[in-house]
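Two complexes, one shared chain (chain A), two partners (chain B, chain C).
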Partner chain A sequence: MDQNSIHRVRRQALGIAHGVGLFLAMLVICLPGIWIVLSSLRPTVEIMAKPPVWIPQELSLDAYVAMFSGIGKGGIPVLDYFRNSLIISVTSTVIAIVIGMAGGYAFARYRFRAKSAMFLGLMLTRTVPGIALSLPLFFVYARLGIIDTHFGLILVYVALNVPFTVWLIDGFFRQVPKDLAEAAQIDGCTRWQAFWQVEFPLAGPGIASAGIFAFLTSWNEFALASQLTRSINSKTLPVGLLDYTSEFTIDWRGMCALAVVMIIPALTLTFIVQKHLVGGLTSGAVKG
Partner chain B sequence: MKGWKLSPPFLLLLPAVIVLAAVVVVPLLLSLYSSFTPFRLTRPETFWVFIGARNYINIFTSRDFWVAFARTVVLLTVALNLEMLIGLGLALLVEKASRGQRLLRTIMMFPMMFSPILVGFQFKFMFNDNIGLVNNALQALGLTDRAIPWLIDGNLAFIAILTAEIWSSTSVFAILILAGLLAMPREPVEAARVDGCTPWQTFRYVTWPFIMPFAFIAMTIRSLDVARAYDIVKIMTDGGPAGRTELVWTLVARTAYSDAKMGLANAMAYFSILLSIGFTVYFYRKLAAARTQIAAEW
Partner chain C sequence: MATVSLKTLSKNYGPVAVVHGIDLEVADREFIALVGPSGCGKSTTLRMIAGLEDISGGTIEIGGRKVNDLPPRSRNISMVFQSYALYPHMTVRENLGFSLKIAGAAKEEMDRRVAEASGILGLDTLLDRRPSQLSGGQRQRVAMGRAIVRDPDVFLFDEPLSNLDAKLRTQMRTEIKKLHAKVQSTVIYVTHDQVEAMTLADRIVIMRDGFIEQVGTPDEVFRRPATRFVAGFIGSPPMNLHEATVDNGELLFASGERLPLPSQFKPNVTAGDKVVFGLRPDDIYPTGHGLNSGADTDVHQVELPVTVTEPLGNETLVFAEFNGTDWVSRMLNPKPLKAGDRVKMSLDLSQAHLFSAATGKTLRS
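Now for the complex of A and B:
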């Protein structure tokens, strides 16, 4: 073989290896999710079968029907959990975004003393593990009587999300050239008007994605919610998932179905923002 | 304070500072205080008894705590390094793909959307010794004829938890490193190739320094959230069986809520907070160093 054909063969082999590697990697990523969706549609007998049944014999939506038909039919109050999750996540996201916009704007547009120390300080509050924070909060909340209320959880999630929204929104405001707002001010806008008319619309998509990020954090949070909620008054979906394990046997199919219910809103929202999210996190990387 | 002259950035940051002070800083001060008391939830009057550093001395002499602490550090170190390596590999694979990049990137983000509690449940299901996908597959392929007790044996459970942890967080690295690869200028790579660098040398001395800040951003983001592992472990093994997969966080939760020893748990919690802060500050400084290096070279 001359050198050309050796080179060609090597190139093809590399191409195939690359394809196979890519396929395997994607398979590993997708498999757990697919398995959960599949299991939620199969009867329990099939899940428990020994030797395992690989190809589903019958698919049904029974698990979902049972789950949403209320407490009476051996289900857990998923609707209540879903409502709690939604109320808490949406409210805390909106508040966190408003606070984050104010903070992010301050970091992006003003110079002030101890700016980087302040930024690091904000970030450090985020590093406190939820379980460590839950101990004093549990005590304080018990004293104030706001355990097992929406308000209590919303307050915590706002605090949890503010550092991150400030970071992201700071990045998005920095991408908006300063000159634009200055030009608007020269043309007679007040700083307030310049912000809403010029800078806010330009940073808008970024802020929206920061919002979705905050929403997902609240939607998925477990460590704090598990200690600060007690009943259907405020239990969220992640805590509700544990309802299936509290008994002697685990209802795998029901759990899988609830998992699917939890993941669908998260999945939809993440697809919408994926582009902006990466941009926001890396905007400071090269420019500093 | 800045007196009563209210400057705009001060006013703008005020809400964030107030919320964080109320929900994070003040409770933490309270827990710092209570870590010096024998406080038990069931006996509120113990909150006012001051016992000095006895809780901390208890912790220092407690073998269980240090085993859990060491296990946590090992888990995090191994997990973060493997996530970084696998994420890098994944990003390089996807970047080389000529078609379907958008779809690949979307699939790559998939695990990020999973709540840690879901990741834990998912892998608990897959690693179940009786009906789990892993054992079923191994048995069907004839690799083993008995059920491997993935979540019952201490070492195997560690591997199972590590797998779950890596599955859920590798995409953070992959996505950010990919963003770095895509933002990288082409010329230096081509110049290196023209100058006769091998692919490895090109990668090591040209590509890697450029994507390093992105890798460290991923590390920083990830280290902010190391305690997510609590959710995963909580649902997979809950620290058991018999404390064989106990991490600092599950130990704190058990001490505080099952044994009701709030004071002791708060003292332990301070170690876990320092651990998180340590990881974050370390990577934040690496990030700053990597940034200045880039700025100097390009």
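Now for the complex of A and C:
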């Protein structure tokens, strides 16, 4: 073989190895999801079988039917949980984004005292594991009487998400050249108009991604929600999963079905928003 | 159209002063260039005029109206940025019409003025493109178009050509000059490129370390530089500048070499004065190969060794050693020369400059 053929073969081999590696990585990522969907459709015997049954023998939608059939017939108040989850996640995300935008913009554009220390402080709050806060939070909430309320959980999730949204949005505003806002001001805008007309649209993708992350954090959070909720007044979907556990048994199939119900809105939202996460929108703004 | 007047304008960033109380009067429809090395305060001055930077002291008047505390939008100015600062999420048409949209202009009015500006700058075919689909020169033109559409009292340019390649820069320079002739408005143009300043401006303001060194027409700053700094900054290749001492009616250089004291400075110096002697490359040339200054009464001949030559086709820059360093001279109708040749040079001392070594100020009366 001459040099050219050797390199061609090597390139093809590398391409195949790359494909196989990618497939394995995707398998590791996707398998738990697929397993949950499959488990929600199979009888408990098959789920618990050892060795595992890889190819399902029998599929049915019984778990989904049961879930919505009301208390006493194997159902759980899934619509209430869904409503709670939606109210809490959407509200806390909107608030976290508004605060994140204000904070991120301030960190990106203004000079003020103790700026680095404040930024570091915000980031340090992320190093505390949420669960470590659950007991003190429980005591405080009990005193304030806000256990088992939407407000209580929204407050927690806003606090959890704000440092992250500030950090992410700060980065995106930094990428928007300062000249653009100045040009807009010269073109007749107030500072406020310059922000909404020029800087906000350009930082849009970043704000959208911060929104997705904040929403998913609130939507999926279990540890704190399980401590701070009690009834259908405020229980969210992840906490609702516990309804499938009883003293002696766990209904794995029902639990998986509820997990699928939980995943679908999150997945749909991510798909919708990710179309807007177009990078490189600022190209051409300045020299280049 | 308006005058611009700066009175003891200053800018401090904390304890650091970057502009030290400068005064400047810009006439109506004048094209004025602020020029100087980086960090001289020229861009800060422009940004203060634009209202993008708060002022620390003094006043700014545009058209006789004090604008010290007015926001940029109330000053009726427009600005072309070094980075162009086009809105990337808008088409060229939207970029051009943005200021009118903000002002709430009617659709027909907007279309008319956008068409007018795009006509002047040849942007008609590009109106529906986005900035990312344009070349550097086209973006530059859109940035200028955006400035024209506003029909401002004063145009501010902040190093608008420094991101373009050399060829395009020359072309755009001509376009800016034509544009000024067409729209006839007051222009304040910041650049670090003295060629741009010389070719475009009616008057040039040379700044250094937050002070104005000299204000004058291109001809004045070139022929009668007020300070040693201006002499060295304006002109390419730069003026030959060397320290000397006045001694017995002559200039004594550190190497011991001497030149006659140019007669026009004789009344202004006394023996023992430390001075800086300056001579432009055009005024020192291999004998018989120079510009005729018309005042060859004071031409001094001296034989010097050539160290390097830089042929440029129609002329050659000849570096010859005097006072221990290379002096640049311009040889017209060049003849072949090589390093080591001893050449008879003519120094046109009637065109020489003399500055005080202590203050840097010219000794011309």
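Here are some notes:
Keep this in mind: the second predicted complex is superposed on the first by the 236 of 288 C-alpha atoms of A that agree within 3 Å, B and C clash if a C-alpha of one lies under 4 Å from a C-alpha of the other, contacts with A are read in each partner's own complex, and residues count from 1 in each chain.
Following the convention adopted for this analysis, contacts are C-beta pairs under 8 Å (C-beta built on N, C-alpha and C of every residue); 3 or more make two chains touch, one makes a residue touch a chain.
Note that the structure is a prediction, hence the values are computed from the model and not measured.
Comparing chain B with chain C, the partner in contact with more residues of chain A is B. Applying the stated contact rule after C-alpha superposition, one finds that A:I131 touches chain B and leaves chain C untouched. Touch criterion met: A:A25 reaches chain B, while chain C stays clear of it.
Applying the stated contact rule after C-alpha superposition, one finds that A:F200 touches neither chain B nor chain C. Looking at the shared chain after the overlay, A:I186 reaches chain C, while chain B stays out of its contact range. Look at A:P177: by the touch rule set out above, it reaches chain C but stays clear of chain B.
Overlap of the chain B and chain C interfaces on chain A: residues 281-282, 285-286, 288.
Chain B contributes residues 7-10, 12-13, 15-16, 19-20, 22-25, 27-28, 30-31, 34, 41, 89-90, 93-94, 96-97, 104-118, 121-123, 125-126, 130-131, 133, 136, 139-140, 167, 171, 175-176, 179-180, 183, 213-214, 217, 221, 223-224, 226-227, 230-231, 234-235, 249, 252-253, 256-257, 262, 265-266, 269-270, 272-273, 276-277, 279-280, 284, 291-292, 294-295 to its touches with chain A in the complex. Against chain B, the residues of chain A that register as touching in their complex are 18, 21-22, 25-26, 28-33, 35-36, 39, 47-48, 50-52, 54, 98-100, 102-103, 105-106, 110, 112, 118, 120, 122-133, 135-140, 155-156, 158-159, 162-163, 166, 216, 219-223, 226-227, 238, 241-242, 245, 252, 255-256, 259, 262-263, 266-267, 270-271, 274, 278-279, 281-282, 285-286, 288.
Put simply, chain C touches chain A in their complex at residues 50-52, 71-73, 77-79, 81-89, 98-99, 102-103, 130-134, 136, 139, 146, 150, 163.
On the side of chain A, the complex with chain C involves touching residues 177, 179-180, 182-190, 193, 197-198, 201-202, 281-288.
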